[in-house]
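The following pair of complexes shares a single chain, subunit A, combined with subunit B in the former and subunit C in the latter.
Showing the complex of A and B:
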């Protein structure tokens, strides 16, 4: 709550930007869809859900930038000297980063739910919890990359490229059904993307599941995908933390 | 006032050829060090001597390149998690999470160190009051002066009360009154059972606080003992200046030279002598007796002991300032 109040103006501005994004671009984009396509009638809702996940991704990535600020202020040494294991430390940072991004994106989720609505509270709860795992995993990934490359400039460039790659190559904006009709390879790659898992789960939670992946095992596959994503980057994060930081200084 | 305490010569930290290299730079070079349980150990040296790197290795912040250290019963390489449960650090530069108040910083630190909610609140309040930061507890750390931030940094260790406390430059940027207060708190921490490793280039601070000191230079440990023994180890390090009522006689000078402890006598003027000697506190009564016996009443006597600066200069051939300039990275 204190974090929310501390950044209230930033969060309010972000919410206004989001509302404008979906009100203008979302409506325009949904009207550009060929009405003969099976999902044209609710592409707007699909788009809103996708934007929420993209926002959650981009705010979760931000923890990586914090790493450089902490390095500059020497907070690393302090954290490394605390009576906690490296695993707990990385996990704590990932979870902290994830929760913070939820604080930032929370109002956007509320707006999205107002626009999309949801019919099954249990489904939505499951999806919502899975999104936490997604945010923690993205934070862990961001920390891992930041610590591994140790350069804010390179991190910025890499995350820009990574962002372009991972967001475009997902079902955040483009439904899997359309991707499959366009390119089998593209669709196959998009299927194993954490943003796809998160977007599909969010849509499943809000009840627009007919536009999800063609995978009939949804939501289990997406949840398993997010669990693997989270644990992979936590494990890699711990290893990198030990090797890169304890090896001797930051740069 | 220094509190009397029981000295227990049990080693709590032992380094075995502890070495750290950063590419071509050997920051710490095969360090062999024993620190006893319950003592305040002053680790001295100019900037760049390897003190902070040593502290970082002993606290598992960085890994040694060669050798190892046993902290408590645990090897820093093999059991770093166990080592971290024993230690607490006050860093040279205050390490503060950048969006918090002093209360938040200390409360969070105490929480991570495993203190219960009630105990945490009690200790945070007491220590904030002790370091005169209670009135500033809700201020943003960005708005605090360097000295205030340093006090918050010191407060972390005082709240944690670790078995082994590493304190790097505890009174840097702190005013004279604050310094004495923090020194007393460090002594209290030691008296409550903590072992304190004090890394500093403030030699006076090390002298008044430390039970033993180790002097580091260019990554190596030059000497290690009590401040008094180290000061006594300088030949003729003590100086007495004597002003006599009459002119000194050749016989008195001859008798004076017979003292084993006397290293050098300078006749500044016929009535003023400057004597370089060892163990001044033991010899002065005998010297006074000698002058009286020679019918030379003493008008005034001024004694000065060597400082740790002199010890450093004796072992390195450099003053601490010169070493600082040469060794600074």
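Showing the complex of A and C:
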């Protein structure tokens, strides 16, 4: 959390991005939607929910940059010397990364709820808790990639390109049915994308899905997807952490 | 003139050191075009873009402008880094006048933007059709003006602060305001309609109308798609933008790198 607050300019930058996405792209794009589509009436709300998830994703990725910062300043060796198992270390960092993302995205979620509203508090609570798993999983993924690559430049490039694919091949900006209409391949990839699980869950929690054709397995399928995502990256993260760092530290 | 060419060569060598960064950037631009634009094709109101058939064709010139902006802006990051690490003292020690140095950096930034943008422009031509030779030359000239203006804007911002964080934050603000308040993603007529309805504040509409990114994207569209119609205002906006920021950047760079 303390490390995260040092990035105040980046936090300001992400807040500006959020405002620009909603105030400009969200409003204008919602007027571009074909009025014959059932989505047309609520595209703005749909998009705002997607922007929240995109924001949660990008702030959870920040933890990977901290790893490089620590490696540069020799903090890594100190962390490895602590009486904490590797598993606890990775798990702690994944959870810490996820929680601090929530601290940052929390006010934005409140703004989003003000715009979207929500009808069923229980659904929203379930969705909200499941989003923690998403944030922890993304942090775990970011740590895994950072430790596997060990190069801040390559990490930055890879995460940028990966971010472009993972966000666009998800339901953050458009529904699954439209992706299906565009390309079977895009739809298939989006179906197993954690951003899709998180976006759909958030919309289910806020009640937007009542206007859309949602998967009948919601929210169970999305929650299971996020649980698998979280455990996969925690497990891979621990394994890679141990293999890449034992007996030689960062170098 | 020879000195300016040396400065341009220096900056081009630096540019190609970032080849992986460029590959990453181009992959982001292409995902915007081949995923986002194709999906939006299925959702867009057909009446809105009836003249151009689909959103993909509308958006392709926009992606070209996004790529041009991002790559021409890179020079600012390098100059900011040089100022922070005091490498500019080395530049000042070279047998080159301050003016040549400043002009060389400015032109290098613009030309790098043009080089990066060329595969995106070619992709646009492949999907939208090739323009006639006079139109092609006008497009290249207009994009060079835009790239030089962007390079000037980034240099002016880079020398205004020695803090990378402040530079990155300011860059983000400029990016988002210029990208979203422009006709890159949506037709200018739609923003004007929203302004008339009172949904979009009037200053935003005016900004979108005079935004050089709108002029650049619409100029390509006017020649390749026939809509919006070409007007000399597009060229005027680009000349004004380019002149203001090229001049500001040249003098700011000359003045600030000599400061103790």
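Here is the rule we go by: the second predicted complex is superposed on the first by the 226 of 251 C-alpha atoms of A that agree within 3 Å, B and C clash if a C-alpha of one lies under 4 Å from a C-alpha of the other, contacts with A are read in each partner's own complex, and residues count from 1 in each chain.
Heads up, the rule we're going with is that a contact is a pair of C-beta atoms (placed from the backbone, for glycine too) under 8 Å apart; a residue touches a chain by one contact, two chains touch by 3 or more.
Just so you know, these numbers come straight off a predicted model, no measurement behind them.
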| item | value |
| --- | --- |
| Contacts of A:31 with subunit B and subunit C, given as first, second, both or neither | second |
| Which of subunit B and subunit C A:74 touches, first, second, both or neither | first |
| First (subunit B), second (subunit C), both or neither touched by A:85 | first |
| Superposed model, subunit A: greater residue contact from subunit B or subunit C | C |
| Contacts of A:153 with subunit B and subunit C, given as first, second, both or neither | second |
| Contact residues of subunit A, present in both the subunit B and the subunit C interface | none |
| In the complex, subunit A residues that touch subunit C | 8-10, 12-13, 16-17, 20-21, 24-25, 27-29, 31-35, 37, 39, 43, 153-154, 156-158, 160-161, 163-165, 168-169, 173-174, 178-179, 181-183, 186 |
| Touching residues on subunit A, where the partner in the complex is subunit B | 6, 69, 73-75, 77-78, 80-85, 245-249 |
| Residue numbers on subunit C that touch subunit A, as the complex places them | 20-21, 23-25, 27-28, 31-32, 35-36, 38-46, 48, 165-166, 168-169, 172-173, 176-177, 180-181, 185-186, 190-191, 193-194, 199-200, 204 |
| Contact set on subunit B toward subunit A in their complex | 20, 22, 56, 59-63, 65, 81, 84-85, 87-89, 91, 93, 95-99, 112-114 |
